[in-house]
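Presented sequentially are two complexes of chain A, the first with chain B as partner and the second with chain C.
On to the complex of A and B.
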């Protein structure tokens, strides 16, 4: 069994929040603005509620198998073959998320900050950092996430406060954006934004028990929902809907617009700090969970050689994604419309089958 | 190998790699463009003028004169400018970079000056709006419409006080906060308003004053009263070294400049938009019209806009709250207390309301909502589709608008009363 260490609810919450919220710094807010207009800030709360419901299935599944990870649970409930297929699907989903997040990070970094730096260099450096963190282990990642969270939160709040000079409450109207139906449909589909919560099912054995998984999961989702809603509200107040949907990274441009005369301006480095750190934590967590899940599926005890090989896959696939050109980001967004299926539906199926087959706590008692 | 050695080794490699990144630019490899002017070109579509520091100490500092001549570059003391006719901004940039021994950088651009003829022909959207995509130019860069040639404007753009042009430009463009005779529009504001379904764009005007309106000789003025805000940009009766003046506002219908506002109209515009910060106003003394009472006026809050719709026509009630300080009382009458205090407040309210109403009528005639009323109008529509179908910008001409000015004198300056001058000869 892989030794992943033990950590508490706070570490887990910050690891999850950083992993989930980082998307708000990329192209997602603009994409959502083009779907629902100026109402993304409350649309995301529908997504949060949907994700909470989805997580409840994950929690109920974990509750039936205290101290087990998702790969073992899948095998037990669905049998060897289907358990393997479902676990591999979930692992690939995590790798897919890591790859897309890394590509999107690189895309936005190249658009705003590293205009001349080759994609391979940015991705390469990032992958080396991720590999280092993977070798250091899950506990280190969780503790690092908690340590970075305080600084990131301070910077985040600072950017939101400084941005108030550009806020205009009228930009939130018409209050239903492109229509209530679109808000509801997009809100439900975009629960995929919170899909990373499935990581908890992978790292569950590292927590002190199922109760703590439940606590960490719900707090993470609520906190992530609030932070995403707050960020999106800030940029909805800063840009009218017809401009917001054009911008590659609205949060970055919002920080760029902060200008208090000759005293306070050009504060986007604060934003860059938050952006880079949260991206790093997010991609590392996703990548680590992929490697961890892979090792658990194939009962591999040493994670390091798998991490090294997987890092190469991550590097190449992220680079390949970048080479797809300007359409890549659009494709990623389209795929996100269906991204809620692997994290919420696969555990739900496992839960239903487990209940029907009476697997879990009762059968093992 | 020790398991801890690998991460340490990787961290060291990472630190070394991060230190030499591709996007690094040495400070002396680039030159920062401080101002950019755009005119219609002769040899090509656009005439692009860029002004930058020569990074040389000259004895005259910023007061250095023009080199003269029709060359593409001319000296302005510590600063210089270069001009090129090009098919696009980016083509012009490469053409200029081919003759400058540094790379031009726009990250510290302090002003974008557009010639008036370009604005009136509706070409600003073609040239200016796409610049928002360019990473180096910030959305917070101030934008100005220039009467006459932008090239001539850049030629005259010198610090005059001190030697730092960037600071001089920043102070000048932000002076609107203290005087209110011109506003502050950024590239981001213009881009947003250009595409807006809520309102039309406005841009402050800059001009070169040739000092011809300043007459040294002639009959003396006497006791007639003239509002200082009635002047247009470039026509202030002044004389001095600096020809540049910022005054008034250009009103746009979409991408096309339609008309120009004078100083008084601009103040009324800023008050209605909630952007007026401060200004000295001159009021005719209600009791002695040949004399004046200067007031220091500030907003007492944001304008309160209430709206209703009847048969699809918007009815707008707007209240502009203002507060003021008495700066001087030429007549020596006791305006610090009632009943004269109330009289002075009512007089100012009446005058300001009249100016506001005139401006609104002028804009309604042109069907231009430059007052941000549409921002409030959008509250009355549930969805964006309904709002866009209503087409606010086409309905504004029919709007019924009632204005109200609420003014209070909060302070009387450093004097609580004015004692009469003894033995003063009354005419």
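On to the complex of A and C.
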């Protein structure tokens, strides 16, 4: 068994929140604006509620097998073959998310900050960082997420507060955007934004028990929902919805517009740190969970050689992205549209089969 | 061949080493709230142990194996070469009744007469019995030897019937008017005590010698701290003598449960270190771990805590220090009260404290002696200083090379104007200045005090006026380097300050390559390494990551009366340090009381 260490609810919550919320720095808010107009700030709350429901299935599954990880649970409930297929699908889903977030990060960074730096260099440095953190382990990642959370949260709130001079309440109207049906359907489908919560099923043995998985999961989802909603609300207040659809990195643009006196202006490079840290934590967590899940599926005891090989795959696949348009419009949109299936449906199937087959472990909690 | 092996190792997979890393985990026995409960637990343990022993005794008659006869036992012993060797060694090491034989052995062991420091003095006790004393000149106090050892022994008036009363026991009880006289029956112990400054008295016909306390070597007086000076608070610091240092701590913590254990370190220099902890507060697991690490050392020379710390720390390859060193007895005492373990070594004026966290490194002794608002302010200044020392040059490079847009127009014009005549790129300019600064700082420690001022003048000229006048650096860079230097001086822990100075160069390189992105990745990786570290089983960033119950005393120094707990991370046996209420004189009206 891989030694992944133990950590508490707070570390887990900040690891999950950083992993989920990092999307607000990229193209997702613009995509939502194009789908539902100016009401994305409360549409995301519907997604949060859906994700909470989805996480309940994950929690119920983990509750039947306290102290087990998702790969072992799936093997036990679905049998060797189907368990393997489901686990590997989940692992690939995590790798896919990591790859896409990394390529999205690179493209946005190139668009705004490093215009002339080659993508391979940006990705290469990033992958080195991920690899180091991966080898240092999950416990380290969780602790770093907790430490960085104070800085990130302060910066995030500062950008929202300093941006108030550009807010216009009229931009929130009409309050139903493109229509209630669109809000509901998009809200349900985009629960995939919170799909990273499935990471908890991979790292469950590192928490002190199923109760803490439940606590960490629900707190993470609620907090992430609130932060994303706040961010999108500020974004909707700052830009008219037809402009918002065109912006690649909304938070960055909001930071760029901050202008107080002669000295407090153009503070977006400071904001870069929040964006970078959030992306580092997010992609590292996704990548680590892929490697961890892979090792668990194939019962590999040492994570290092797999991490090294997988880092190479991550590097190459992140480079596949042709340009921001292709990345944002096609891949990201597809992930958001159908990305809820692997994290929520696969565990649900395992839960149902497990209940029918009466599989489970007697809990001592 | 070495290079070939290194390259080979890069490509060949090796399984990770399964080290027995110490982790301080909480278990049921540690959820103890007060010393009385601790005592109860100890009593229970004793009862349990007695029960086990009783059980073992009860079971003995039922054993199938009959007891061996003496002859059989001797035969078995003879067949065991290790036991035989041990027996022989013990016999050889035993002090003989023959005075001449003892003298020859002592001379052989102490290399007399080649070794001129070791002195042997023959005498007749009470003008009759033959004897000799051995001591190391300089380590033993000559007046003690003359007045309290030789004089009483050689004066015949002290012995009424000399022939009968010259036994070692009689001398020990009636003649030597000195405290600290012990008996020793083996050479190994006797030699080690002589080397520490005691005087050994060998008497003809006695199969043990008397070790008389006569240590009197030169030592420095207790002085003011050099690196941890304060305005408010005590002005005492440790010195190089172990015994004095232990006393300085005990003078502050007058508690019967303050335990001092002495352990040997260094095989050849026979140095010693003292481990101090408060029984009933410090976690026994940490104490045992400290002892285990020190006792496992197999090295010929250890001089002081600087060397010892390097040998017992958890992550010797990491830049950040994991053991806190202080030269202040008052600070040491405050750590003792928190349940920490103190290691004081012979030879250096410092105490090592374990386990510690990053936040301890940023605290100073003065914080507790001034009002909490002032303490908090000073701590914030220190954190700011650390941030500047680590990142300011890197941020300057990133701003000027990658993110000009962030600099206000007037400022960027001023920077460009000042840099106009400088032929070097910013990275060369900053490295030039930083290296000059490091050079001056290092040279400043080495130069004699009398030419210290000259160095200051040279430094000011090189770093300031001349470098700018020669168009080697821009004036703004002088300001950047000066602020960086000031920031590093604000870090209260010397080891951490050096680590920050080194890390600064890493950030400069990263900023030159990738601007803020480089700095961020540097923080991510270095922060990751720091987060993965532990100090004697305690994560380095406790109590923030992971979170642990703690007083308001991490970054903000809360009021003293709010600091009611001992840090939970070390699992102290007694978790509370105050009563309720702390300030009994404050009459708080409870909710619902009549007005």
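Note that the second predicted complex is superposed on the first by the 352 of 365 C-alpha atoms of A that agree within 3 Å, B and C clash if a C-alpha of one lies under 4 Å from a C-alpha of the other, contacts with A are read in each partner's own complex, and residues count from 1 in each chain.
Note that in this section a contact is a pair of C-beta atoms (placed from the backbone, for glycine too) under 8 Å apart; a residue touches a chain by one contact, two chains touch by 3 or more.
Bear in mind that the values here come from a model prediction, so they are computed numbers and not experimental data.
Engineer: By the touch definition at the top of the document, which applies to A:8: first (chain B), second (chain C), both, or neither?
Structural biologist: In the superposition, A:8 contacts chain C only.
Engineer: Once the structures are superposed on A, label A:48 by its partner contacts, choosing first (chain B), second (chain C), both or neither.
Structural biologist: Neither partner.
Engineer: Using the touch definition from the top, say if A:113 reaches chain B (first), chain C (second), both or neither.
Structural biologist: Once the two structures are laid over each other on A, A:113 reaches both partners.
Engineer: After superposition on the shared chain, which partner residues are touched by A:28: those of chain B (first), chain C (second), both, or neither?
Structural biologist: Touch status of A:28: no partner.
Engineer: Classify the contacts of A:243 with the two partner chains as first (chain B alone), second (chain C alone), both, or neither.
Structural biologist: It touches chain B, and chain C stays clear.
Engineer: So, A:186: does it touch chain B (first), chain C (second), both, or neither?
Structural biologist: neither
Engineer: Is A:19 touching the first partner chain B, the second partner chain C, both, or neither of them?
Structural biologist: Touch status of A:19: no partner.
Engineer: Should A:77 be classified as contacting the first partner (chain B), the second (chain C), both, or neither?
Structural biologist: Once the two structures are laid over each other on A, A:77 reaches no partner at all.
Engineer: Report for A:100: first if it touches chain B alone, second if chain C alone, otherwise both or neither.
Structural biologist: neither
Engineer: For chain A, which residues lie in the overlap of the chain B contacts and the chain C contacts?
Structural biologist: 113-114, 117, 125, 128-129, 132, 136, 262, 265
Engineer: Where on chain A is chain B touching in the complex?
Structural biologist: Within the complex, chain A touches chain B at residues 37-38, 111-118, 121, 125, 128-129, 131-132, 135-136, 168, 170-171, 173-179, 239-243, 253, 256-257, 259, 261-262, 265.
Engineer: Write out the stretch or stretches of chain B touching chain A in their complex.
Structural biologist: Listed in rising order, the residues of chain B that touch chain A are 3, 6-7, 10-11, 13-14, 17-18, 21-23, 135, 138-140, 167, 170, 174, 188, 191-192, 195-198, 372, 375-376, 378-379, 381-387.
Engineer: Contact residues on chain C for chain A in the complex?
Structural biologist: These residues of chain C touch chain A: 13, 15-16, 398-399, 402-403, 405-406, 408, 410, 514-521, 523-525, 527-529, 531-532, 539, 541, 544-547.
Engineer: Which chain A residues qualify as touching chain C in the complex?
Structural biologist: Chain A reaches chain C through residues 7-8, 10-11, 109, 113-114, 117, 122, 125-126, 128-129, 132-133, 136-137, 139-144, 146-148, 262-263, 265-270, 272-273, 276-277, 280, 302, 304-305.
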